[in-house]
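Naming follows writing order (A, B, C, D, E and F), and every chain is counted from residue 1.
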Amino acid sequence: MWNKEELVFLGCDSDYRDAEIVLFGAPFDSTTSFRPGARFGPSAIRRESDGLETYSPYLDKDLSERKIYDGGDLVLPMGDPAAAIALIRNAEEKAILDGKIPFMVGGEHLVTLGAVEAAAKHCPELMLLHFDAHTDLRDEYLGVRLSHASVIRRCQEILGNGRIFQFGIRSGERSEFEWAAAGHTALHKFDLKGLDETVAALKGKKCYLTVDLDVLDPSVFPGTGTPEPGGVSFTDLMEALHLATEELSLVGCDVVELAPELDHTGASTAVACKIIREMLLNMHS
Amino acid sequence: MWNKEELVFLGCDSDYRDAEIVLFGAPFDSTTSFRPGARFGPSAIRRESDGLETYSPYLDKDLSERKIYDGGDLVLPMGDPAAAIALIRNAEEKAILDGKIPFMVGGEHLVTLGAVEAAAKHCPELMLLHFDAHTDLRDEYLGVRLSHASVIRRCQEILGNGRIFQFGIRSGERSEFEWAAAGHTALHKFDLKGLDETVAALKGKKCYLTVDLDVLDPSVFPGTGTPEPGGVSFTDLMEALHLATEELSLVGCDVVELAPELDHTGASTAVACKIIREMLLNMHS
Amino acid sequence: MWNKEELVFLGCDSDYRDAEIVLFGAPFDSTTSFRPGARFGPSAIRRESDGLETYSPYLDKDLSERKIYDGGDLVLPMGDPAAAIALIRNAEEKAILDGKIPFMVGGEHLVTLGAVEAAAKHCPELMLLHFDAHTDLRDEYLGVRLSHASVIRRCQEILGNGRIFQFGIRSGERSEFEWAAAGHTALHKFDLKGLDETVAALKGKKCYLTVDLDVLDPSVFPGTGTPEPGGVSFTDLMEALHLATEELSLVGCDVVELAPELDHTGASTAVACKIIREMLLNMHS
Amino acid sequence: MWNKEELVFLGCDSDYRDAEIVLFGAPFDSTTSFRPGARFGPSAIRRESDGLETYSPYLDKDLSERKIYDGGDLVLPMGDPAAAIALIRNAEEKAILDGKIPFMVGGEHLVTLGAVEAAAKHCPELMLLHFDAHTDLRDEYLGVRLSHASVIRRCQEILGNGRIFQFGIRSGERSEFEWAAAGHTALHKFDLKGLDETVAALKGKKCYLTVDLDVLDPSVFPGTGTPEPGGVSFTDLMEALHLATEELSLVGCDVVELAPELDHTGASTAVACKIIREMLLNMHS
Amino acid sequence: MWNKEELVFLGCDSDYRDAEIVLFGAPFDSTTSFRPGARFGPSAIRRESDGLETYSPYLDKDLSERKIYDGGDLVLPMGDPAAAIALIRNAEEKAILDGKIPFMVGGEHLVTLGAVEAAAKHCPELMLLHFDAHTDLRDEYLGVRLSHASVIRRCQEILGNGRIFQFGIRSGERSEFEWAAAGHTALHKFDLKGLDETVAALKGKKCYLTVDLDVLDPSVFPGTGTPEPGGVSFTDLMEALHLATEELSLVGCDVVELAPELDHTGASTAVACKIIREMLLNMHS
Amino acid sequence: MWNKEELVFLGCDSDYRDAEIVLFGAPFDSTTSFRPGARFGPSAIRRESDGLETYSPYLDKDLSERKIYDGGDLVLPMGDPAAAIALIRNAEEKAILDGKIPFMVGGEHLVTLGAVEAAAKHCPELMLLHFDAHTDLRDEYLGVRLSHASVIRRCQEILGNGRIFQFGIRSGERSEFEWAAAGHTALHKFDLKGLDETVAALKGKKCYLTVDLDVLDPSVFPGTGTPEPGGVSFTDLMEALHLATEELSLVGCDVVELAPELDHTGASTAVACKIIREMLLNMHS
């Protein structure tokens, strides 16, 4: 009689057992230093996914054809980043062990660390493909090492040189760019040029894909903590992700840094929903 | 592992079978003539109820002690008020027949019509207690008889004279006030004076209680389609509802006209959540 | 066929010739020093008056029974306060000479100066009744003498001692309070106490009434350039204006300092509309 | 003396008798299923057109050179789509019979149905050129056949195969795309490619032009009920409309789905105003 | 020539050496569990204090007569509550050792812990007067003991029984109310009744005063993370603080939980500024 | 101990004596005719510059390598444009005489007049490079000659024919375009085409550079008084300013018309900050 709501993203209502992909939220933004609110990202994308169709005319695929379990949000303690990362690592590992691809929705970018820890543990040769406006390579921020501004630096400590491929980067300290250039990561400035070659080189290897949505231009995606003008267009990012999800063997992936309350028009949330739909439709392990 | 969200209001997670009260949303605002958005009321109160405790220090009661089933939202067709009212009537009737008290969250005030039709069918002597800023007694609005501006008029056609008790009314056409004064309803202007006597007179009779939250002053509750200055305070309304739910035998009730997007501070939604909590804690059949 | 809109306030569509009252807007805020936006007041009150009824249950009167001409807005040059004041003075004088009561809607409070100049020219014994949070008695502000912060000081220079009665005042420099206390104005602090006596004393004399809506508490009326906590309630102000318009012989009046864009809920505009309706219904010359 | 406002769009103040074009608003959004507010479109474009010049440097034309009557808004009953469509049909037919081109400003997209009914009655060979993000080809939506999501499907039932040309479409159910591809409409996906050929083919035939502004990318036009990322740029749409209005013989046209309150920056309303200006300057029958 | 801005609160520009009071901000909200943004409180109150006069007509005192040093904001690491508390404790202790009264502006309520630690170290008999909507007496929140929801519990562990006096409390878990009632704190429910007696009893003793602004009703102060309807009025709180600052010997005090971005009208920030001004004008050690 | 805030733009904390560049704000918008708020531009860019890095990966330069003094904001009297312009002229002249390049942040565009007056006095052959959506060539606006809509016309009266180069212009009255075409200014319509040639021709000559940020498309920069669709992208403007600051000998420059409150997402302010950073890094005399 009543429509007992199942709060899932856009029809992702498979059973856990059957699912190829496990979607879950990591509503954490406790280390955000500028404008908080990424904690509200996962609930916003579930709620607003109602405005989107399950069918993609770009890919001619429909979410009803995929088996996706939306596991809801992890309960993460604000003010305790280490505990939050451990909870994320456990969730991620559980999905991997059960033969599924975890798809995490942030939350601030620090949440990626827990996921990469789990993925790297099970795939020692893991590669990391990273879309972002910011380097995220600081060794620390105000003395805090578990920070959104340091997350890729922490990942690099796990993965080592030659494993991280960054695109769209247009903001950071000079020393971060220099550290990357010293061979620590392959950092592609400003836009997505060179992605074809990178994807071709990564083909056949196990990859983790992390998408900080602030790689987009703020005109497209103002709803984020640190908007950085000069970013890529929606279509550019969508096509890049079509390519990456088509070609790469993904162990896990995430989409982070939507702060929906910062954009009352709802356009940023709509962008996040559509990016996630296109990734879910096309990705594979 | 994951926290598969059950989107229910403030811990109202009893099974339907055990429940004394059935909460459900009626996300409909298709006849709203001024500022729409009441359709978003039910989902907002569920989401924001997280910011509220289950315990009321006013009543010294806790929602964990009551058996309440949150049935989610009815799926109501925008643009077809008659169909929407029929769906509400059916849901309401189902709950009544199953021995439960239905508690509907609007949505615009028109949704009350479906609920009162069901309640009146099962309780021929039904009384209606009505809190509102507006008379809602127009015979039609732009030729439309199923309108938020006519809902109490339609109820009066079902219940007849001497059955409707209106409080807080401070807006309407002169002819509506005259129509009420001609014996059709007991209309109390401006505030809640006289409620004690009315409640005493209604004691022991079957009642339906409808609360249009715009009875509150816009300083307290700006998030509504037609804010009407000069209303009652939060404490006044809460105490009035403590009294009404304590004393009356309720067949059903509703809380309507929260349009959460009109108040970005969230204060209006917080007010609605707390009013609903206090009613749920205290009401009985 | 089409509904060629006449943009008038709440059914104030009499011909100029027949009108007792001439309503007009003064959309000027060029000297506002803190937060601008009062220029949008007149158009907002016309647009949003749709949400209000023409009938007042408080007064049991209906605007359809009064003859009011809404003359639209004056075209006032931003950046030239002296020219703006001259245009207002001319408009006000025209209405007075034609035997009508001008009712101006601001704009910032400086607009009152043009109106008082005209009224004082035709009523040498003019009294000024002033509701406000602020003294508005500075001799100048950053070297500017035609400023919202100096408007009552300028009026006092025209009217002289013993002619200005201020209520609700709760903000100003110490020197302004001292200047008032030296006999220049009768300044009533904080609230509306003493209004009965003042109105009784003014009865039978020609009065100008100016209402700066920030006399209201910011909870009731946040949509204003300089909200000042600790103000009066809507009901208090409405009753005060019922009294003043009932008892006084008005040569002119105004309602100023609604900055509608500062309150997206619309509640502030609704308050302004209702205050204006109650004044229009009850006022007389 | 006073500036009695005539609320018309950007100097469109010709008499009805002289007018070539009749502009009118259709402030209806009662079937909107996601985010309402298109009802406020017509009044917003009139109010904000003040910020725009009458002269177009793109076309080197000025609105003062055209004869346009702004007839204000139709009064349409919320909650009764059939009645609203009938009122629109009548208005449209009146203009056509009087030898004028009707230009309707929505409101939700359903309003197009009334206009197309009138145009098709008088031009049996009518062609429909349609810009939109969405297919709008559902047979029904929650049982409602008169829905914004079904409007082009309803038009197709009137016009038949081979008569409807859709551009910019990037969202819909798979079955809608298949239904179009089966010969019911000529659906151009994603952008405006192919418009040159379509316009060339339509030259000399009577056409109706409907522009759902959500064909624009949400970065350009977030103020709409269902923003759909991946749309066309402002310049692309403007140039497409320059072409269409230059080449086609228009029986009528409309611009719909501005929901101004969803974009507090005002940029979406400015976009709508400028699109309408460019169309008005260039269109002809 | 240029007006090199000194960003201080409302003319609080004394040298540190001369100052009786040291004002500083604690822009930290990393443990906020519901809606973040209290980090922006200190900068908002400095910026918006421009809209306020230095003179209080309530107290007939002017800030120019007091010696107050505004030390700016502490630099606190998001994501590391223990480090943040230590930094606050050091700053507070420095001021106390230098013979000044520290006045901290939050930030979330957890910041009070660092201040109370410092004050208690130097005043073993310290009393704590606490205004708040919430009990803040949880032992932990999601496993986190350094949480805004636990701050008074932590203070109680330092101060012991009989030392904490809470007013305005209207939200918490039942067990928190019971824990208080067991003698741990003197908890006054709902409003400020009983304050006179408490202040009289505390006279002559060293006190710390903490004001969580959500003790105010959300109509007055919606700009806070967890608005709780049913609170006290602005005038009630101001008068209570007049009394407390008049009578008590303060070792330190704070005003916390303004989240200015949650109330775009600016009214909440104006309330915070005025409360702080009244406290600064009247307080003493 | 405390972090006594120095409110400067992005680390521009050199002493005046050492500085090559003097940054200052001109928070004036008193002649703005449409939507005010540019007065808040300077304080917003200082505050939000925290979200930006001092290092530019585009230029591989860091602000820490330049000597820039941020002189704060001029105190300008609202309502007295002539006085405001005189104050700006004096400040600008002081910096020029001291051998520094003044960099003014508006405020409305009228502030440029004072700066150009000072620069032209010291450089009789001064050239003016102007980026804007609007011609700004009206002789007067509502009788006001000192208006944002007339500022370039006033500059032309000082500089004469052949000295002003306008880019991005897409709005104005026909007569303004004709006046420019008559040889008064070199007006480049719509975009930045032809800038290379203009910059080459200006090389070696003393130039003043004025950037009205509404030259950007409203999708990129909605936070301005009169958004004009069809503008240039962020990257286009940044590259144009890289070129101009690289090649030209600047006597002074300004960036105007950010109205930060009109874009609550903060994206417009972020755009302004980054444009200013890129100019500061690259400019020279």
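The rule is short, and it goes like this: a residue touches a chain if its C-beta (ideal position, glycine included) is under 8 Å from a C-beta of that chain, and two chains touch if they have at least 3 such contacts.
All figures in this text were calculated on a predicted structure; none of them were measured in a lab.
The set of chains in contact with subunit A as well as subunit C comprises B, D, E, F.
Counting only chains that touch, the fewest steps needed to get from subunit C to subunit F is 1.
The interface of C-F is repeated, with over half of its contact pairs matching by residue number, by A-E among C-E, E-F or A-E. Chain centres here are Cα means. That of subunit C falls 42 Å from that of subunit D.
Counting partner chains per residue, subunit C has residues 75, 217, 219, 264 touching two or more of them.
Every pair of chains meeting the contact definition is listed here: A-B, A-D, A-E, A-F, B-C, B-D, B-E, C-D, C-E, C-F, D-F, E-F. Subunit F makes touch with subunit D in their complex at residues 34-35, 169-174, 177, 189-190, 217-219, 222-223, 226-230, 262-264.
On the subunit D side of its complex with subunit C, the touching residues are 1-7, 22, 24, 43, 47, 71-75, 90-91, 94, 264.
Interface of subunit D with subunit F (complex): residues 50-55, 57-58, 60, 62, 217, 219-220, 234-235, 238, 264-267, 270-271, 274.
Residues 29-33, 36-37, 39, 75-81, 83, 141-144, 146-147 of subunit D are the ones touching subunit B in the complex.
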